[in-house]
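Have a look at the structure below, then the notes.
Each chain gets a letter, A, B and C, in the order it is written, and its residues are counted from 1.
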Amino acid sequence: MSPLRVALAVARKDLRSEWRTREVVPALAQFIILALLIGNFGFQIDSRNATSIAPGILWLALVFAGLVAFGRTFAAEREQASLEAMLMTPASPVAIFAGKAAAASLLLIVCEAVMLPALSLFFGTPFSAQVVAAVLIATVGMAALGCLFAAIVARVRARELLLPLLTLPLWIPFIVAGGQAVQSAMGLPGSYSESISLLIDFDILFLVLTSLAARFVLDE
Amino acid sequence: MSMLVGDGLTHRFGSEPAIDNVDLVLDTGEHMAVLGDNGAGKTTLLRILATALRPTSGKLTIAGLDAFRERRRIRHYLGYVAHAPGLYPALSARENLEFFCDLQDVDRSRVAEAMETVGLASVSHRRAAELSRGMQQRLAIGRAILHDPRLLILDEPDASLGADAADLLAGLMRGRTAVLATHDHALANRLCPRTLVLRHGRSLGTATHLRVVR
Amino acid sequence: MNRYERAAVGAVALMLIAGAAIFFYAPTDYLQGPVQRIFYLHVSSAIAAFGCFAVVLVGGVIYLRNESPAADRFARAGALVGVLFTTVTLVMGMLWAKTVWGAFWVWDARLTSTLVLWIIYAGYLLVRRLADPGRQAARLAAVVGIFGFIDVPVVHFSVTWWRTQHPGPVIINDALPPQMLATFLFTMACTVALAAVMIASRYRIETLVDEREQVFEPAKVLVAREPGGVAGPVQ
C-alpha cells in the first residue's frame, strides 16, 4: 500500500478511536478554557492591555495542550503493543508516524477552534482569519516535532518529565514567530507577512527533518 | 532447508542477560515449542525470532536472509502473536482486522476467513474492548494470519483460549513453520515434535518429545 | 602516569598560563574595568562548548548510519563535556551581566540560545540515562542531539529577528586591541585543548564502562558454526 494511503488509514483509525471514546478533545478543551480563565486572574487583564497579553496566554495554553495531545499519540502501553503490531507489517514507519501526527494535529485543531473564539470572547481581542492562519501553520510544525519526541520518550522512563524538556526548546522558534504573527494580527506593531513566512520556513525545515528521523525512532 | 537459524542469540536489558547464547535451528514445516518458567526468557526469545526485537549479540537467519537487515521482507511472510494483544479497544473486531489488512496490503475478504478460522465470526461487530480476554487473544491470532504467513511465532497463545485451544492451534500451524511458547507441557507435546527449554535465559537444549520430570 | 593523566596535566598547565595572561598580560578595559576579563574565558568556553556539541552531532550522524559504538561514545563524551562548558559560559556570563548591565539575565538572542543549548543537551544526557542502555539509548539520543544542534541556530535567528521587530538595547562590540586579541586567541586555544583532553578521557571511561557492561556487541570474528542445518535461498 502506498505510504500516503497507509498514513490516511492510520489517521482515520486514530480519529475513529477518538470519536468513539471522546477521551482527548473534551479534556483538552476544558483545559484550554481553564487556562484562559487563570490567565485572566493572573494577569489583571483590562481592555487596554488585553491585546498585548492575550497572545501570550494563547501560546501558553496551546503549548501545554499540545504537549498533552502529542504526548498521548505514542504514550499508552496498549498503544505501544499496537504500534509494534503495525511496525510488523510492510507499511512504512514514516507513513505510520505521519498518520498518527496528522490525527493528533487534527485533535489539537479542534481544540483551537474552541480556544480562539473563547480568547476573543474573554479578552475582547480581534478574531480574524489571520490569527487562525498563524495558529494553524504553527500547529503543523509543532505537531511533527511533538509527535517525534513523544515517540522518543515513549520508550524511556520518566516520560512525562522528559517530553516538555525535549520539546519546548524546539518549539521556541514557532512560539516566537507565531506569537509575533498573532500580535501583529491583533493590531500590535510587527510584520504579519514576515512572521507567517518564517513559520512556513520552520514548518518545512522540521517536517523534512522529522520524516528523516522517524524511522530511526520508531523501528528497532 | 532451514527456515530459522539462531546462533548465539543474547539479549541484555542493562547488564543482566534475558537470554544468553541461545542456539536453535528450525526446518521448514517444523513445529517447535519453547518451554520455561516465567522469567526464563521465552517472550524475549520469541520477540527476537519475530524480528520485533534485535538481540544485543548473536545472529538470526530466517529463510536464508539476515533477520535484521531484511526484516521488512521477512515480515511479509511472518505472523507474530505477541504476549499482549495490541488491539484497538474502540474499534470493532472486524475493523481491527480490516485496518491490518490495509497495512498488510491484503484484500479485505481475508477478514471474514480469518474470523471464521478463529471462531469469532459471530462477534465481529463488537468492540475489541468488550471482548473477553480469550476472544481478544483469538482476534490477535486472526490478525497474525491475515497475510497467510509461512512462519508463525506464537507467544503463549493458549493462555486464555480454553478447551479447544489445541485444535485451533493445530489447525493454524498445519502447513506452516511455527514456534510456540507455552507453559502447557501437554499441549507442547501434542502440537510440537520438538521442544526447546529455557531456564534463566539459557537453553537447556532441544529435544524431540521432551518429557519434563518434576 | 598514563597518557591521559599526562594530557590532563598539560591541559591544566596551559589553562594556568592562559589565566596568567588574562590577568597580567592583557590590559584592563577602559570602559568596563577589570570585570571585562571574564570575557576571555566566557567566550572561550562558549566556543569549546559548540565544538563539543559538533562532536555530538557528528557522532550521532555516524552512529545512525553505521551503528559504530565508537561514534556513540564520542557523542556521549562530547555531550557531557559540552554541558559542563555551557554551564561555565552561562555562569560567567551572568556574573559579567550583573556587574556591567545590572541584571543577571537579559532575553537577548545569544543568552537565550545558550540557555536553550544547555537545556537541550541536559535533555540528551537524561535520555541516555533513562532509555534502555545500548542500542536504543544511542539511537534515541543521536536523534535528540541532531535536532538539538540544528535548533540552536534557529532559536538564535528567531530571537534576533524578533528583536528587530522590537528594537532593544544594543550591545556594542569594540574592536579588540592587539594585546587583548592575542590573549583571547591564546585562551581560546587552551580551552579547546582542555575540552579535547576531557572528551578523550571521557571517551576512554565510556569505553571501559561499555566493555564491563557489554552493552554493545563486542567486535568479534563470526565463528562459522553449523548448529545442524544449512541455510538455503528463499523459495
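Operating definition for what follows: contacts are C-beta pairs under 8 Å (C-beta built on N, C-alpha and C of every residue); 3 or more make two chains touch, one makes a residue touch a chain.
In this text, all values refer to a predicted model and were calculated from it rather than measured experimentally.
Central chain by Cα centroid: A, whose mean Cα position is closest to the mean of all protein Cα atoms. Ranking all chains by how far their C-alpha centres lie from the centre of chain B, first place goes to C. The mean-CA centres of chain A and chain B are about 38 angstrom from one another, to the nearest whole unit.
Each chain gets a centre from the mean of its Cα atoms; for chain A and chain C, those two points are 30 Å apart. Distance between chain centres (mean CA atoms), chain B to chain C: 46 Å. Among all residues of chain C, those that touch two or more other chains are 132. Contacts with at least two other chains are made by no residue of chain A. Residue positions of chain B touching 2 or more other chains: 54. Residues 64, 112, 116, 119-120, 122-123, 126-127, 130-132, 136, 139-140, 142-144, 146-148, 150-151, 154-155, 157-159, 161-162, 165-166 of chain C are the ones touching chain A in the complex. Looking at the complex, you find that chain C touches chain B at residues 132-135, 213-218, 222, 225, 227-235. Residue ranges of chain A in contact with chain B, taken from their complex: 1, 5-6, 9-10, 13, 16-18, 20-21, 77-78, 81-91, 220.
By the touch rule above, chain B contacts chain C in their complex via residues 1-2, 5, 7-8, 12-15, 23-27, 54, 56-57, 59, 61, 63-65. Interface residues of chain A facing chain C in the complex, by the touch rule stated above, are 145, 148-149, 152-153, 155-158, 162, 165-166, 168-170, 172-173, 176-177, 180, 189-191, 194, 198, 202, 205, 209, 213, 216-217.
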